[in-house]
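Once you scroll down, you'll see the structures, which are given as structure tokens.
Across the two complexes that follow, subunit A remains constant while its partner is subunit B and subsequently subunit C.
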Partner chain A sequence: MKNRKNAIPWLYSLPAFLLIGIVIVFPIIYTAYISLTNMNLYHWNDFHLIGLGNYKRALLKADSGFLSAVGVTLVWTAVNMGVQMVVAYFIALGLNAEGLKLNRVYKTLLMFPWAMPAYVSILLWKVCMFNTEFGLLNKVVTALGGVKLNYLSENVPAFLACTVLNLWMALPFMIMMIDGALQSVDISLYESAMMEGAGFWQKTFHITLPCIRPIIAPSAIMTVFTTFKQFDIIYLLTKQKGSLTGATLQTIITYAHENAFVSNNYGLSSAVSILIFGIIILFSVFTNRGLREENS
Partner chain B sequence: MKKRKIKHSLGLVCLNAVFIIVCFITLVPVLYAFLLSVSDGSSAFAGNLFGSAGHFTLENYKRILTEEPFLLWLKNSVVLSLGTTVLAIGFATTASYAFSRYRFKGRMNILFLLVLLNAFPQILSMFAIFRLFKSFRLLDSNVGLIIVYAGSMCIFSIWNLKGYFDTIPAEIEEASKIDGASDFQMLVRIVLPLARPAIIVTAVMVLIFVWNEYLFATTFLLSGDKYTLAGGLYQLQANDYSRSWSLFTAAAVLVSVPILIIFFCIQKYMVSGLTAGGVKG
Partner chain C sequence: MKKIVSSILCGCMAAGLAAGCGEAPGEQQRASLDEGAVSETEKGQESEGIHLKIWHDGDEAIMSTMEKDVNEMLEEEGIRVSFEKKTALTDQLKLYGTDEVNGPDMYFYAHDSLGMLAEMGILAPISDVSDTAALNGELNKMTLEAVEYKDTQYMVPVYFETLLFLYNKGLWEGEVPDSTDELYAYMEAHTDTDAGTYGVVNQHSTAYNVAPFINGFGGFIMDKEGNPGLNQAQTIEAVTYNQKFAALQADGDYNTVTTLFNEGKAAAIIGGPWLVSGIKDAGIDLGIKSLSDFTLPNGKALAPFSGVQGVGVLKQSAESKGDAVEKVLKALASEKVGVDLVVNNNCASANEKVYENSDVAANEMVLNIKKTADTARPMPNIPQMSVMWGPAEAFLAAVNKSNADISAAAEEFQQEAVTAISDIQ
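Take a look at the complex of A and B:
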């Protein structure tokens, strides 16, 4: 009887675990295994174990491109998070300004990019905004008498284009989060600060930011993860199959994808995948501890 | 006092102006795409900034519906999203119920492990799944993709639903237990109706995920008649002729509208739904 009772939760979870086993656990284990072999296009079936060679190649050989991809990913995450937090903070602050009657309308309109299917947004931006011949940006530039620019053919402009697009897509979520957090701040704190003659920046740094920090920390961390893992924007804008734009911008995720599906270097790609997973696990354990300490 | 009031309303005017500009900039890409979709191709892409207004026409919409297999793509997308939603929510509901109500060995560890597993970027497991499915002949099949999608959304659904089950008091179930209901009866008759809002929101998020997924769809579905909306749209855009670009914008509008409607209907729950579980994508 007791045994049967112990089995019930497992019975209930079995179908879900089977599914997770096939789609998530197996691929991770299999990827770890492939990372130790020399599997590539020529060794599709007759591959064999070669030890840590792929990891060495990724980490120690400068020309493998992995280390520079790590660098790009870190810069990408830092730039996007920094700009995103600051811009979202000021927009949310504006939305909460006293007497702004239309704030609900603005809020709804600003949510639009979040609601759009991500790949549709990216392709629309590619075709309608960044396109050299027909894109809106170049139409504006030529209307102002400038020369047509090619936004996606070189690394720095492509990085900026991707950043602009990422901000466009990611800001609504951050604005919503900060907006919610701002509304929870106790108004009496501002009133007493006003009595003491505190200015805008003093109020910001001594009241607003400390108050909203614990509330937005989880969503900020979540956004760091999604920014770090961002694949669609860079892939769809610059390196779609058959329409490479010329930019060789590479984050670690696009690097792993390219090695698996374009240059068919499965061993190296798998090694990079496992390294990325390692980084993410380290980061999530680290932030989890940070969050727990903050809450207690 | 009066001076301050004037200053305040002046500030509001400026703020409103800023917000109108910000909203306009935000909506420009969408508006421009919409404009292109209702103007005839030649005038839209040629010419200068103002030529883009063109003549109003629904020709692009007519052509996307008749000349391209748009309705077939739509059907495929609907089949995939519904199949995935039923499978993922069905499996996740029982599992999350078990994790919410029963206390068993390894419960906390498994919950934490699920979060870690969820952190593995999906794109990176694509190759392993590709090889696995190739040997099981699941490539180019809806069943294969449904398994992939359901598996990817399973952990998110379990966490989301578990969070809601935790808020339903166990006393309600104990009362029905005394009345002699079996465990499973109780789950179906009492718990599920109570958890309906959470199940709906989670199901909608799974639905949106499948609707918006293009990478697995374009990698795993090889034959044209299996394409989803995402795959088809991708194809339209990859053909580098401006002719198909106006078609593409029309298709993009058609694909986005249902999602926009659903999104703004459940927007209220979106924020809490995403943060309560603490896991996303």
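Take a look at the complex of A and C:
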């Protein structure tokens, strides 16, 4: 009877487990298997196990570019997350300011970038903002008497351009989450603090941030992962086939893409993918542990 | 009650997982009929005719011309072809190249991915289905050279493309020069980058568009043995020469340069026949000159790459439908298809006899492409070329857009190319 009771939840969950197994677990296991083989153009149907050779190539070859791609990815994630959280926080604060009129209109407008397909947004920015001939930025620069600039031709300006675009695309989500969280903070806390003579920063650090942290944390983690594995902004702005801009920015996902789809070396690219998967899992374990400790 | 409903829902979900594994309606019936009825099926197939699928990733209008002609020519034989568009064709062929049920019988594509597909073992040599000596009799030598990989012909060339010098007759002042130095002098005199007006624009950091200079200087992007040539002295000389042109050609992006030309802000563009429909739509009075009519400072003509579009045969179709495939290949290589491609689609046919036709002789664009074929070099079709475009274009972009030192960049991207080539193995 007890065994039957124990089995029932598993039985109910079985279809979902099957689905997850087929859609998520099997591809990961198969990718791990391919990463241990020499599957490439010359061994398309007759590939065989070669051990950890592909991992060695990905990690240890000085010119493989993988390690520098990891570095760029970490900087990209840190910069984007830092700026995103701060900017979104202040915009959300502004939207919650007492006496602000038409705040629903502003909120709707701020959501607009989120509603647009990423591919469209990126190409619009590439042509309408950053293009040397037709872009708004150069129109303004030349109208002010300056010379035309190429914003995507070198790594630092290209990194900044990608960051600005990522902010434009990602801010609506963060603003919405922080805006919602701010509305849940008990106003009486601020009233008491004001009576005690607390200023803006004291209220921010001692009331607002501690109160909204449990709500913001999951969305921040989600955004960290999205930013970490960001591909389309960097690829479409700087690395699109046939229109390279001169910048050589490479994140681990663009690196994996180049290995998988350009070199046709599926063994090596699977090894890179499994390494990325490992990094993300590690990242996830640490952030979840941090959250759990914080909550307890 | 809840338990019953939950159990039913679980059962439905589990059954749903296997839904795609079911047989198509009538399949079971067909399967039972199949046993012991092979001869009947064969007879039925003969009476219904043979249908061959050709996958492509090109212009629908061009495919439609070929499909119509081939189906008319083979109607009496009971053979019908259908051209099906598949984006990212080479990726699709990787997935379905050996799939007899879902894959194509043939594919129609540019010749430069030939080596990759041949190495994967999914293509049949043309000699397996046809007598190549008879089939190739009227075909252009350059195009035949392009479709050979390791001394084996894997495609039948149908038409070819090269870059051309396209100019706006309403904007161009005087005669189009015959040397690249004079062309540069014209560009200097007619370019105002601040105002956004240009003499000549080109995709100056795209390897395909800079190849006329590199090949003309005697350099190479990749040789026949698969060695990259970015750090060759002649390649560096060509890239250095191209750099001064690039400074007067906007950012060199495809969309930018085509828009500049179509909006009348550039007097000329170096581009392929695929630009012509957009140019015509923009109402531009188009003039065309072959790139082989321009001489470089070393006295040699510009030598662009040529891209040969042809049809290849998948192994399983060569084995099971060899006779029908042979007839389709002959039809596609025929004079009739060639003439119609010129007249309807401005495609330069690979069939030499086509150029005796009076309608073809009046087609300025096609004649210029044909003329350029004299100096054009077929794009390399070895598998290594698939990873060579990236380093070559990164090299050009570094030089033309990021002002990198040419020699240092040549060494850096040569090394990158060597690594990329070793990575495919």
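Methods note: the second predicted complex is superposed on the first by the 262 of 296 C-alpha atoms of A that agree within 3 Å, B and C clash if a C-alpha of one lies under 4 Å from a C-alpha of the other, contacts with A are read in each partner's own complex, and residues count from 1 in each chain.
Rule of thumb we're sticking to: a residue touches a chain if its C-beta (ideal position, glycine included) is under 8 Å from a C-beta of that chain, and two chains touch if they have at least 3 such contacts.
Note that this is a predicted model, so its numbers are computed, not measured.
Chemist: Does subunit B (first) or subunit C (second) touch A:I28, or do both, or does neither?
Modeler: A:I28 sits against subunit B, while subunit C stays out of touch.
Chemist: Between subunit B and subunit C, whom does A:T142 touch in the aligned arrangement: first, second, both, or neither?
Modeler: In the superposition, A:T142 touches subunit B and subunit C alike.
Chemist: Could you look at A:K203 and tell me whether it touches subunit B, subunit C, both or neither (first, second, both, neither)?
Modeler: Neither partner.
Chemist: State whether A:P15 touches subunit B only (first), subunit C only (second), both chains, or neither.
Modeler: both
Chemist: Could you tell me if A:A118 is touching subunit B, subunit C, both of them or neither one (first, second, both, neither)?
Modeler: A:A118: touches subunit B, not subunit C.
Chemist: By residue count, which of the two partners contacts subunit A more extensively, subunit B or subunit C?
Modeler: Looking at subunit A, the partner in contact with more of its residues is B.
Chemist: Is A:V262 in contact with subunit B, with subunit C, with both, or with neither (first, second, both, neither)?
Modeler: In the superposed model, A:V262 contacts subunit C only, not subunit B.
Chemist: Considering only touches as defined above, state whether A:F134 meets subunit B (first), subunit C (second), both or neither.
Modeler: both
Chemist: Just to be sure I follow: which residues of subunit A are touched by subunit B in one complex and then by subunit C in the other one?
Modeler: Looking at subunit A, the two contact sets intersect at 12, 15-16, 19, 22, 127, 133-134, 142, 241-243, 261.
Chemist: Can you name the residues of subunit A that touch subunit B in the complex?
Modeler: 6, 8-10, 12-13, 15-17, 19-20, 22-28, 30-31, 34, 91, 94-95, 97-100, 102, 106, 108-121, 123-129, 133-134, 136, 139-140, 142-143, 168, 176-177, 180, 218-219, 222, 225-226, 229, 231-232, 240-243, 253, 256-257, 260-261, 266, 269-270, 273, 276-277, 280-281, 284
Chemist: Where on subunit C does subunit A make contact in their complex?
Modeler: Touch list, subunit C to subunit A: 6, 10, 13-14, 17, 91, 94, 98, 116, 119-122, 193-194, 196, 203, 205-206, 250-251, 253-256, 259-260, 383, 386-387, 389-390, 393-394, 396-398, 400-402, 415-416, 419-420, 423-425.
Chemist: Residue numbers of subunit B touching subunit A in their complex, please.
Modeler: Touching subunit A from subunit B are residues 8-9, 11-12, 15-16, 18-19, 22-23, 26-30, 32-33, 36, 44-45, 48-49, 52, 87-88, 90-92, 94-95, 97-99, 101-102, 104, 107, 114-121, 123-129, 131-132, 147-148, 150-152, 154-155, 158, 183, 208, 211-212, 214-215, 219, 230, 233-234, 237-238, 240, 242, 245, 248-249, 252, 255-256, 259-260, 263-264, 267, 271, 274-275, 278, 280-281.
Chemist: Show which residues of subunit A lie in contact with subunit C when the two form their complex.
Modeler: Residues in contact with subunit C: 11-12, 14-16, 18-19, 22, 40-42, 44-45, 57, 63-64, 127, 131-134, 142, 147-148, 150, 153-154, 241-248, 258-259, 261-265, 268.
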